[in-house]
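Two complexes follow with subunit A in common, the first pairing it with subunit B and the second with subunit C.
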Partner chain A sequence: MFVRMIAKAFLRQWKKMLMIAFTIALGASLATAMLSVMMDVEDKMNQELKAYGANITVVPKSASVISDLYDVGDENVSGTYLKEDELGKIKTIFWAFNIVDFTPFISTEVTLDNGDKGQVTGTWFNHHMDLPTGEELDAGIASLRSWWTITEGEWLDEQGSHSGDYAMVGTLYAQRENLSVGDKIHVTGSAADKELEVVGIFDAGGDEDDLIYVPVDTAQELGGLEGKIDSIEVSALTTPDNELAVKAARDPSSLSVSQYETWYCTAYVSSICYQIEEVITDSVASAVRQVADSEGQILNKTKLLMILITILSMVGAALGICNLVTASVMERSQEIGLMKAIGAHNPAITALVLAEVMCTAVIGGIAGFYAGIGFAQIIGHSVFDSAISIRPMVVPVVGVLVAIVTLIGSIPAIRMLLNLRPTEVLHGR
Partner chain B sequence: MSLLELKNVSKIYGSLHALDHVSLKVEKGEWLAIMGPSGSGKSTMMNIIGALDKATEGEILLDGVDIAKKNARALTDIRRDKIGLIFQQFHLVSYLTAVENVMLAQYYHSVPDEKEALEALDRVGLADRAHHYPSQLSGGEQQRVCVARALINYPEIILADEPTGNLDEANEEIVVELFRKLHMDGTTLVVVTHNPEVAEVAQRTIVLRNGRVDHEMINENFTGKIKHITLQ
Partner chain C sequence: MKKRKMYFRMITASLLRRRSRMVIALLAISIGAMILSGLVTIYYDVPRQMGAQFRSYGANMILVSEGDTITQEQVDATREQVPGDKLVGIAAYRYETVRINDRPVMAAAADMEQVRNTSPFWLVEGEWPSREGEIMIGKNLAQTYNLKVGKRTTCTYAPESETEAEEGETEEIVLDNWVDFTVTGILDTGGKEEDYAYMLLSDMEKLTGLPTEYDVCELSISSNSVGLQTIADQISDNVDGISARLVKRVTESEDTVLSKLQSLVLLVTIVVLALTMICVATTMTAVVAERRKEIGLRKALGASNGSIIAEFMGEGVALGAFGGLVGALLGFLFAQAVSRNVFNSSITLMPWLIPVTIIASVLVTGIACLIPIRSATQVDPALVLKGE
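Moving on, here comes the complex of A and B:
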């Protein structure tokens, strides 16, 4: 009888039920879309934020100490270096998958033909590596400094036509020395001298515009620094810092065993730095705080925005349900009064009304969920140019949200139902 | 012992005494009609007897139990188990068929039994209309469904509030005839009505005025003779 009554009540007031289902679907679709984007946004945002460059720098331990003590910036005054042959190990750490890109730097002082002292920086442009894991990697400054614009010529192609003594120069340096693509720069290092052909002029918008960039091995030959590098810049996908990450960044040994495991197995920038230090001998890896903090803040704010939209959509849905269910109960007050008059207790009538609303909620929730997946994909393609992957966790979360919102939205109607006196509706008194 | 006994029952709304120290006895198997002008307290009395409302003061003994002291939940149980209600506006659930409307009362009482519900409809002459919706039934047919619903749980007493108020003469005749049959079967009937023709077929009629029992009339042996008794 109960099922028959629900089914028939559904058919009788299908327009109202459709409105309730639509309201729930609207809330559920927004919640699904926002939760899906929120759960996937970290990876998406991380990938977007990688355009802003490396978020980890690795330097020799002694250079780090001197830098901390005397604030000498990036200049390698310690005379200690990292080993180039250990670079591949960066892709063997626990969070290797999160290492998006990295490139080494080695600077050496040179003398130009006019007698001026200058600096040549060796780096990877599009370096190809066969990793110890058997994988292959193409990394370098071309992808790490994606905001550099080539004003003349092209990127130095290490793997192709530019293997040898080639260079890229910044716009300021090119203007000062009146250089164009194809021109030669004769530089004399402490160990060798070389004739570098300019293949590209770049505009970095910073200090780099006054520098000469050459492949790592060229710089090493000039300075007699074979196999040595000054620093490494690493771009990694990271999880925004929390209290645990901050505590660990200060001193990992202060963590308990379980905290340590949690921290080590989470892609915090500090845990990735720690793992890099484990594989690069005598190194100190530190987060580029401006980038790392910005990433964390942007991610947290984006997530907060998504949560707020989800809450607002659910509040809106609850208000809509509240109006519609209350209107439905008011419309059916005589029917409810009659049920009470012939012996129905309040819980039985409440169960009947709630069952109707919950059935509607299930239909609306399912429709809203699938609509929400669609919305999420629209957001993914229009904002991130890629699909949003729907996490299984979204299903129970949206289910619980829909149930809670439906119940909360039904409270005023249930209160009205409980307070309804049969005499008032059956006799009009 | 009377099936129903009201002792000095009053219902007061602010300064209005809808019922003013009313005392009344209804014996088992009796057919009582309650008459009176609008505002005389008929429906208030009906609501109080029907456990739909609570008296401000006084005792209401139904089958020896004082229902005036019962809480809302207990009153619901009393309505369910002991009282059959018939309304002027029928109050059938529009999306349920005639037989389902009868089964609704069974559902809230015990277990719905379609066969028994169909038998109840057969008793009121509606076996062939059992699967029609209220909108497909005439007023008289709807009221007969209402009677079947009131009877289905074998109540101690049937309370009918203006049962013919919305019916034409032909249907009024049918419903009155139905009441006559119920009375002959031993059912206790209390019928509130404006209609003297409905009242005069009852065994006894009380007339309310200003919340008090103004006078009582007894229909002797259903001969049409009415004995007039004026009360204090």
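Moving on, here comes the complex of A and C:
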């Protein structure tokens, strides 16, 4: 009988039920979309902030000490280098997945035919790597220096047309030496001399405008530095620092075992630095504070902002659902009055109303959840050009929210219904 | 005259008698209006507030001299070219090679207060130098010289011009200038600043014996790259001997990230608003649909469709206006709370938003009421009264 009554109610009043389901669906979709976006916003903004370039630099241990101690003007006469064949290891650390980009640098002094000195820096432009894990990665300054603008020519394409003796030069250098795309420059390094063809002129808006960039091999041959590199810039997705991270950055050995594990297994910039030092021999990895610090600050603010907006919209959605449930249950006073008049008990009426509303809520909630995922994807694709990943956490949160809100919304209405006097209602007051 | 009085009485009586329903409707409308005004305020304020956060990336403009050095007058003149509320910091640096333990070290002198503003990301262990005789040294230097906070050290400076002048002449001992320093802070930046020593301008004057002239000047201005370029052009035009250049890395990246953030908030606002408004509309529809019987009765008594619609719409508009006003104020409070919590600064009230919110909520309630009323007026009163 109970089931039949509910089924009948749905069939007869499908319009009204549809409206309740619709509102609940709206609320649920709002909650789903906002929760998903909120939980993913940190990752997404982190990717965007990669525009600021590397947040970790790796240099050989004691490089600075030696150049200071022996007062050698030219930085790398001291002979401390990192090994090029260890570069791939960066993608094997615990937080390998968080390393989005990295590129090595090796610089050497050269002399031009007209006697001018210049600095040639060897680096990756769009280096392709097949990692031992089976992954593939394209890394290099084309993505790590997103703020460079190419004023003439194009990016050096290491993989394709420009493998060999090609170079990119900064605007200042190009002006001084009167270079343009297609020109050849003959440079003499300490070990070899080469004819470089200029493929692009870039404007970096900084010191780099005075340099010549070439592929790593070319620079190594010029300087006789086969297999050696000066420094590595790493761009990693990191978690904003907290007290533990600051303490660990000073001295990891001061941590207790459990603290150490928490720190090591969290993507703090200091723990990623530490792990890089573990795999690259004789290296010192340090956080570029300008990037790492600001990143943390902006991420925290963005996340807080989204949390507050989410709370607002959840409250809005909850009250909206509450309201409608109350309004639509109250409307049925006459029907309930009749039931009471023919002898229905209060618990029976409560059960009936609740069962009806909850059935609608389940249908509406499920529909709303999928609609919400759709909204989240619309936001993700139009803002970040990538899909928002839906966390499993969202499902129970939205479920519980819809259930509680619907229940609370029914309470005032049910209380009112229970206090109804059948005669009055039926009389039409 | 009488008719209008009756109209108002009917609306107020209807609102007052059906208190519980009206509270529900009012609540729904105010929530909608609150979300509208709150989110729109945040949307407009985000670029300003976030822009200030992005200043933690440090200087976004540098001044370079067309001559050799930058004078204090030029720095002051530049400061006047930048609107006061946009200028976060202007720090002029003087670089000299000094010697610590007879080894050359690059020393920089600047107004430390301004350096703090332009480079908020510097992590200083200990204190910033604030008095004469205090020095802050980079982390690498500290390691090399084994210096710690609180230790004392001496900087010496060999006046360049004199040594050159005396070349070729009989050797005469020129005494180096020297100043004693206490190390107050160790600087950690992850950049080349770690190889420098930082001191106050007055100490540098004492050390070199030369009046202050700057080598480079950093500015941190909160503005987007277009605004910055305007300011830079203005400085280059109006201050003699100075050209201002943007730090592309900072300005370009800020534009990219900030525009993403703003479009995120915009889309979120649109989605939330659309859903909330539909929610408000369904609630209003439910509240009005309930009164089919009343409408039927009125029709049976001879009321025209027009007068019924006018009365119900009057109610809807009154509710919408009141709910909108309440919601607009609540929304402002919400935006204020967000701003306080997230950015530690208060928000500016946008007066035009209040009428906009009220009009929007009146429109939404009006449309929401109209649909059920129309369907009710089209039905035969006899059927409605019978309850079918």
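Definition applied: the second predicted complex is superposed on the first by the 244 of 429 C-alpha atoms of A that agree within 3 Å, B and C clash if a C-alpha of one lies under 4 Å from a C-alpha of the other, contacts with A are read in each partner's own complex, and residues count from 1 in each chain.
Heads up, the rule we're going with is that a contact is a pair of C-beta atoms (placed from the backbone, for glycine too) under 8 Å apart; a residue touches a chain by one contact, two chains touch by 3 or more.
Because the structure is a prediction, the values reported are computed rather than measured.
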Next on the checklist: After the superposition on A, what does A:Arg12 contact: first (subunit B), second (subunit C), both or neither?
Outcome noted: first
Checklist entry - Counting only touches as set out at the top, which of subunit B and subunit C does A:Phe22 meet: first, second, both, neither? => result second
Checklist entry - Looking at the overlay, does A:Ser313 come into contact with subunit B only (first), subunit C only (second), both, or neither? => result second
Next on the checklist: One more residue to check, A:Leu426. First (subunit B), second (subunit C), both or neither?
Outcome noted: first
Next on the checklist: Between subunit B and subunit C, which one contacts more residues of subunit A in the superposed model?
Outcome noted: C
Next on the checklist: Looking at A:Lys117 after the superposition, I want to know if it touches subunit B, subunit C, both of them or none. Which is it: first, second, both, neither?
Outcome noted: neither
Checklist entry - Which subunit A residues lie in the overlap of the subunit B contact set and the subunit C contact set? => result 334
Next on the checklist: Considering only the defined contacts, which subunit A positions touch subunit C in the complex?
Outcome noted: 16, 19, 22-23, 26-27, 29-30, 33-34, 37, 41, 45, 48-49, 51-53, 57, 64-65, 68-69, 71, 146-149, 203-206, 286-294, 297-298, 301-302, 304-306, 308-309, 312-313, 315-317, 319-321, 323-324, 326-328, 330-331, 334, 375, 378-379, 382-384, 416, 428
Checklist entry - So in the complex, which bits of subunit A are touching subunit B? => result 1-2, 4-5, 8-9, 11-12, 334-335, 337-345, 348, 421-423, 426-427, 429
Checklist entry - What does subunit C use to touch subunit A in their complex? => result 20-21, 24-25, 27-28, 31-32, 34-35, 38-39, 42, 46, 50, 53-54, 56-58, 103-104, 119, 121-123, 140-141, 143-144, 188-191, 195, 245-250, 252-253, 256-257, 260-261, 263-265, 267-268, 271-272, 275-276, 278-280, 282-283, 285-287, 289-290, 293, 334, 337-338, 341-343, 387
Checklist outcome for this item: Touching subunit A in the complex, subunit B uses residues 43, 47, 50, 52-53, 73, 76-77, 79-81, 85, 87, 89, 91, 93-96, 100, 103-105, 107-109, 112, 149, 153, 161
